[in-house]
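A, B, C and D label the chains in the order they appear, each numbered from 1.
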């Protein structure tokens, strides 16, 4: 069972993690983008945490919805609408719920993933955050179908997201700003896939 | 990092304050959400024209708000698309019932955020048309990329389409004209030095003493190739060829051109580059009817320049000559 | 050195070609000797107003040639005073019998060369008055120096005095007005980075990562002190104090101000600095009646800025608002 | 006896010397001026040499006059009118002459010096070219009055100019662009005094 306070801890943790990795993510974005991904993520999640503190949400759905709205309003760039969509679609799966179980956890992440996929129209292999999302959600589902609990699911998802992140290095980008680089995007790790891996790692550490 | 700022987090907001104080006759600034709007908005019986994008490209877009050009502009964080709430509020502020055109540069972030904003506006009963500018010949346009970037043609579009709206054309006419401008406009840029995003604190990329980046984007995104320093003549030959052969422009064509500084390029060099561009156009039988030479769509303090060419007809030239009264462009008033 | 040029020796001439091609409606260029002159010169029954100085400060002075401002400008080599033959020919080209005003910035070279030119013109029967601008508070004014440097007030003077000449004032009136503008104008600049003279090939000075030069001249001459990087607020406090306490300007005074970029400073920063200047002026009870924010008197690609304040009366403000049609300033037409 | 062709050789030599020392003089001017003195001098004297080649002068006075006019038209800056004045005033002393003797040499340089002094209004000690001119002309006169010939006169002048140049280092500038620096001009050698020392050295090497 995941509780509302765990969800709040997750968002707090994301604020801390993105603030800590601000320079690192921005550095990655310098190489194949416009040097703002870390700044964008840190701005968004610190605003999200503040929003949740200022008007504490009644349930998990409301919390995720508030995060979504804050990200959409404060992040901008590609990652704002993309992560905003993740949390918006996720929130719909658990409106009014104060806890979620394994099934709810799977729905939360798979709906979030479906949202970002539809919104950004990227495929696996395009060198975007999708390269971390896709294996993470697959691993999460597999862990559950082979009888794992929340901890096992998130453990598997986080590991898969990290592997997906690493797999972006040799790819040629076909979506987002990095795609302008063509062949020159090879050899660089995608910033969005990196922030997605951090998102799953924080989920593992706070929701298990 | 050496910049004339107080703190990286406050740059955009504090700059907006200065802009508002300096141009009170032309524009007003709303701070939350942030947008710059014509002092006399909404203008009755006129299609609204708004644009927006990351900050750091000044005078674009805020410097093009005013009579005969934009009704409003939404500034994002530096090099980061603004957010849908800004665009929604700006759209409402300029809407007089004739619909509103959104001029969007083709970056994933800008496109996604303007899409959300258009949905929100339409839900409130405001008719919105969005036109995406994708004119940068430096990057490949294919199904397998995010498409071409939107750069210099945006400035020419904002002038021409702004004049069309001022003349009372309908939303559909204005949007069609904008699409035509986009279809007939091409740009390419290059950089001698990087820019530094204030909150990043260090240059986005490093170029050696003899190196340049050809085909640079306006956010410091790398372009076609990193190569050795060339003369102004060689650069304009190369970039002129890339642009003029892309549409392609033919002998006998008329064009409006822009030789644009990236922010850190002295004007003495921009004029020298313009002389080279005249030469290249002439050799191809292309006539430059109108031109801008200066800093119009910049990348913070980057040294470098871009060339934009827009194949134009008489209507476009007339709209170009129409009065404009903005912080960044002013004539006929 | 990375510059957008062909060869250091050809920069000025090639840039003039671009300027002429870009602004054929406003100006013509004579190449030997080099001067830029109003397309409609000499204007009948009008005092001629000319200026000149080293190149590398664009748009000054060539960008201020046109209706309501300068009749001609003489560009020297980069950062080097032009020569008397240029000034003499330019004076002849704009003379319509009402006399010609020479606006000279206070540098030994400019003063000496304009002196020779005035002698030559007077020998040919053209009445010439010369006004020397020396407004830079960064350097001590004493009998034991060459006096203060001429910087930003030059731009404001060219606008105001150009309008006065356009209105038909006499040479004596125009020259007196110019002297009054000089007496009531003060400036100070600072640099984050050096500029590089093309034929020198390397930066004029070196500043460390955390260092700035306070009181820099427009040719990269060092100023008051080399000091640690400061915030925009601290810089404008310091420079505002240096300027406003020099005249001194008093509570209740009206001013025209300029926040000027040195060539490599992004506009987003200039607007931010302008907001700071509004604050400083307000705190002293000084009212900013008019302002310029942008690159007007530059030092090639130097990053930095300067502030100019001119204590103004109603006549000056009216002359300021008079129509002007130049490459660098345009309104009312 | 100094001949016209020696005078022409002197100007040629100055072209070569200033071209060779262009970077050095500009470097000195970077420190306390605007980084153009070498460029200015090289531009001026190469034009002067060309002018003399294109229309060969009939006599020494005409040659010096042509040099003066060329410097005035091509150098600009402070050094253009100052060196222009030197050659203009010098030319007046030998108009129509195809040779000059010791007395003529003294008049040539002392009139040139008087001209630049009047024009620039600088005193010895102001850290300008005057600090090289003044001792050089004094030494030239002394050498002659103690019976020296052309060679001795120019030898003494060149040595004195160099000493005068070196003496500018500790001075605080009071004229020209360097004066804006005040105390900070201390410790730097004046570019104009340096170009004057080169002018006398070239005279020694070509007119003796």
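Here is the rule we use: a contact is a pair of C-beta atoms (placed from the backbone, for glycine too) under 8 Å apart; a residue touches a chain by one contact, two chains touch by 3 or more.
All of these numbers come straight from a predicted model, not from anything done at the bench.
S.K.: Taking touch as defined above, what minimum step count separates chain A and chain D?
M.R.: So the least number of steps between the two chains is 3.
S.K.: With centres defined as the mean C-alpha position, give me the chain A-chain B separation in Å.
M.R.: 32
S.K.: In angstrom, rounded to a whole number, how far apart do the mean CA points of chain A and chain C lie?
M.R.: 54
S.K.: Quick one: chain B and chain C, Cα centre-to-centre, how many Å?
M.R.: Taking the mean C-alpha position of each chain, the two centres sit 29 Å apart.
S.K.: Would you give the residues of chain A that are in contact with at least 2 other chains, written as numbers and ranges?
M.R.: Chain A, residues with two or more chain partners: not present.
S.K.: Which residues of chain B are in contact with two or more other chains?
M.R.: Within chain B, residues 78 contact more than one other chain.
S.K.: Quick check of your reading of the touch definition: is the inter-chain graph here a line, ring, star, complete or other?
M.R.: Looks like a simple chain-to-chain line, open at both ends.
S.K.: Report the residues of chain B in contact with chain C in the complex, numbered from low to high.
M.R.: Going through chain B, the ones touching chain C are 2-7, 11-12, 14-19, 21-22, 55-56, 58-59, 63, 78, 192-193, 209-210, 212, 229, 231-233, 235, 263-276, 278, 291, 293, 295, 298, 300-301, 303-305, 330-331, 333.
S.K.: Give every residue of chain D touching chain C within the complex, in rising order.
M.R.: Where chain D meets chain C, its residues are 23, 26, 30, 32-36, 39-40, 43, 72-82, 119-120, 173-177, 179-182, 184.
S.K.: Can you name the residues of chain C that touch chain D in the complex?
M.R.: Listed in rising order, the residues of chain C that touch chain D are 33, 54, 76-85, 107-109, 112-113, 115-116, 138-140, 144-146, 149, 197, 199-200, 204-205, 217, 219-223.
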